[in-house]
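Chain naming follows the written order as A, B, C, D and E, and within any one chain the residues start at number 1.
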């Protein structure tokens, strides 16, 4: 691995204390019991807190927090001159950046700038762009670029979905013309204790899983919806195979979840608009 | 003009039969939707359909469009064109500058072949210009000053003093009284402040 | 949680000569330095502060539960978050009885348009080095305290400081965030099993870090080579001819003076900076004590 | 994504055609182009395959090497993917664009083929926590690789395994100049499906040498490779999925889109389907959005098409195997 | 019904590039000595090395009196004045468009070399210059004639005839330019119910036969009505026939295409592209062409 001179480096190797915990198996088990003890309503949404327009330097910004710990901050910048004039003239470009704070997850601290971390961030940024592009009226911004930066401060599960919601709020807050907001929602399918998931009808999908549920899941899905137009702008999921019907149900559940989250985001934007007008 | 409650982007406002889509809105599947979070306005003109638009008061994000009058600062000149940075669209400041070009043939409306760029603009000048094209893959915004009201509004002499226009093509330094050539804009009365 | 200073409501208007200078473009964008000078002549700043006035400072501790300690500091608009993650490693060969503190400042593209995404730029690298120097010079934590078993096991404290909103003076904000986050750190107890020689971690039993010193940074911007203004905004930093940062601890001792180039400063002016930094230290210390106290009872 | 620029009228023609279930090349919406599959085309790999789908031409090589298992999964081996989207295939791949597309495809492949229950990763484990097989899967998008300059272009990087192969190609070119005198300047499209089919075929073809773990009295372990080159393990590819990409064009969707059709599609759905019809991965790609109902329809089509895709592929692979060495290889220049 | 057909590849011999009166071509590869006779003149694709004339490209040797050239077997398009080409706009520049014509260099279409909407012949004004993208934009296809060839081989086009101009709905097939036979006309309304433009540059445009002649070409309003299914079937069949012909390296001209079309009729359109079907119908076409030669 090439040495990273641009960051201060600690020792070559270090382990999170959890690895040395007195009874590591027990610790993990206790947690599972915790979530298993009170079987939650699979359709329950975790309360979502959203606030727009809180950063001074960004033209638009939003913060989304899911109870359970996920915290995402997003900044958006309106049209700027495209860096390279040779690009498409007819429509603007949307640039997305996704960063994970080194302390955002439990367990080992990922090395910032490491290959695995860069790859994960690049993939999340691409997913974010996929989800947002259909929502933004890029044709209104010829020769220009719009930029969105997301920073995941704490990953408590459903992080990408929260980032999609936050990013679309930030874009709207920046006054970027949009067809609709993009609302993100995540789901996961817990592994079945007996026999492997054969995709039978009873298979429960959990809406907006927490970090522990996500970690132990057999399959995961993130959906983004443009609620007013009833269009799905992002579908990203994978895991142990299941009947398409099962995934279809998950999609339906996710779309429904997005619709339920929409009023919260809408309200948040209106509050920000009022605050702005009042100022 | 009637201002209604605030609307977020994506909200359905009305059907296209009731009104036509104005700024900050778009029409799809026979309905008009908001594309900005802001105040809804309905504006009826004559006998036609009312126009609905969504207006954002705070720092609307503008792009220089064809026909817009922009304020720009000259960065560099050569014999064929002047390169400028666009700072304002109308009276709205841009959050970041956009690059534009004023070609020699677009500086003035008459006697185009006699125009010389360095007798019209100097780096640092503040110029009012109109966008004539968004440009192509090689060039950026094409601007024109071929109107009486367009051209240099602020220029400094070599002594560093703001010069005063004395004709449509000359400005004078109040300190050293040296004269310099410029394509001077006929400044509208409301801007006449020193 | 925090103790904001009373915000001066209605923004003070600048001296009355700020009419549009040309067409539609006001002075602030066309001639920003001239614009500032007109304010400074009147002994005030465009945001309504006096030259020696700090922005409202707030601190929020422990909001990131995935970190072992965290703090969010706001200095006016400038917002900085610091998360500390503790891991275990073998001590370095040349200092067998010491642990590690690894600070890194990140200025992501999120915090301002002036930064690109990708690896840390010059300013972030300089800030990381500054924080590392403050840790070293002030002895905020004795690295010996981080050692668990001589030559075998020690704590590594990764202190990641991320700027969320960049409106100037990130050194003050970062130093403060680091201090507040370290005060929030709870480390699980570690014992070495005599028989197996393996370490055992008890996640249930946690102890706070011993904070030996409380370094506080105070930054000044130098305008036109002479005028000192405190706690500069990003705009002020850009227009200034130089900046200077003074770090002091609770015993009024100087930990660090950071003056990266720019216009020269007389000894008397520097002395003035130091004494103002000492005053500032008291305010900040009071704030942090209050915040720590407010979360302790539970 | 590699793409072509079309005029509005050309797009309209394609969109109307899809509406009428008659595509430009005469296919219906759910028809694949005729595909050619051949395995064991590169001698110095553990397994390889080449698939031609229209003009999309994919070569995949699998190399099994011994490595250490990942920390979090000590009893499993793993797969690594490397995708080379050479600038030769489409000019769009030139520069960083190709690299980006390459990593995007690699991460999608990783997501699909490394997902639980695809390849039996446990069978790749030699001894837990210490040794396992790592399958390096190299994907080379080998469209239009028939010009001499493309082989001699030093800026063009092939991963190590292909180096020898390139040399042989140049030789062939020198000897039979006449056979390469024309080049159909048409690009393929449907990269994901073609790659997944090729990967599956290459995994089917993969043979991993059998090894034994010997333990001496002190507990130190030694690994012994079987002397017999035919003594090897094969992977069970029954549950390895294939990708079916469904491109939304107008109000309908098509499978196996050409590059021109891809240019008319604003959004598409990528679905990974196993031979039993189980869905293991799905992903929307493209600038546009999809309405939920059409996603359900696309999933249905994907399942149906995916199943027959697996059936046809398995049939060809079995046929090739039954012919054994009697069949003359075409190789990658056929 | 979903149809997925997979097969093992089979080594196939091309039916052969030898046209009706082809005869054996003298094929060379780079480095081959063509002649040691110093009386010959060095033409394209050759160089002189120690008094020997050596080929610098792979292709067929052609002699015109004393001049020896090697025509590359695979080549990009080399423009000649008067050629009919089909090209795609890649860039709108000041006063000109850049056009992709499969040449080594981009071709250009000057604003002054085209008929303005309505076929007006007038001086181009500044407004025309700013509205260039409204006439032709990136991705648009045009048919044009080569007006001049620059010394570096770049081609300048013109569309100053009602025959030429922006193309509407239809299908483009790109083939090697060497497979397009030079003919008096490259615009053909085929009796099977569709039209083709056989660009000398190897761009083949297949489109529904326009009802009114002068409106289709040269105009700037393209017909955006859906093409009827029956026309589509003919166009798709023609397209696949063209692909089959070039795959088997048969020269493209109206008769070969038409014969191939007729030979393909027993097959479903999508089946034409199956290798064995391609082989069969192209053989049949070739036989017919040979019969025609008689």
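Quick note on the criterion: a contact is a pair of C-beta atoms (placed from the backbone, for glycine too) under 8 Å apart; a residue touches a chain by one contact, two chains touch by 3 or more.
Here is each chain with its UniProt name: A = Exosome component 6; B = Exosome complex component CSL4; C = Exosome complex component RRP43; D = Ribosomal RNA-processing protein 42; E = Exosome complex component RRP4.
As the structure is a computational prediction, the values presented were derived from the model and not from experiment.
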| item | value |
| --- | --- |
| Chain ID, smallest distance between chain and overall C-alpha centroids | A |
| Centroid-based (C-alpha) most distant chain relative to chain A | E |
| Furthest chain, CA centroid comparison against chain C | E |
| Winner on C-beta contact pairs when A-B is weighed against A-C | A-C |
| Separation of mean Cα positions, chain B and chain A [Å, integer] | 39 |
| Centre-to-centre distance between chain E and chain A (centres being mean Cα positions), rounded to whole Å | 50 |
| Whole-Å gap separating chain A and chain C, where each centre is the average of the chain's CA atoms | 29 |
| Two or more partner chains touched - positions in chain C | 113 |
| Touching two or more other chains - residues of chain B | 96, 136-139 |
| Chain E residues within the chain D interface of the complex | 1-11, 14, 17, 27, 29, 58-59, 73-74, 88, 90, 102, 138-141, 167-176, 178-179, 202, 222, 224, 226-227, 229, 232-233, 235-237, 239-240, 243, 246-247, 249, 268-275 |
| Complex interface listing, chain A residues touching chain B | 59, 77-81, 85-86, 89, 135, 137, 140-144, 172-181, 226-229, 265-266, 269-270, 272-274, 276-277, 279 |
| Chain D partner contacts - residues on chain A that touch it in the complex | 119, 122-123, 126, 130, 133-135, 196, 199, 218, 221, 226, 229-244, 246-248, 251-252, 255 |
| Contact set on chain A toward chain C in their complex | 4, 6-11, 13-22, 27, 55-58, 69, 71, 73-75, 77, 80, 97, 99, 101-106, 108-109, 112-113, 147, 149-151, 153-156 |
| Footprint of chain A on chain D - complex, ascending | 103-104, 107, 111-112, 115-117, 239, 241, 267, 269, 271-272, 274, 276-292, 295-296, 299-300, 302-303 |
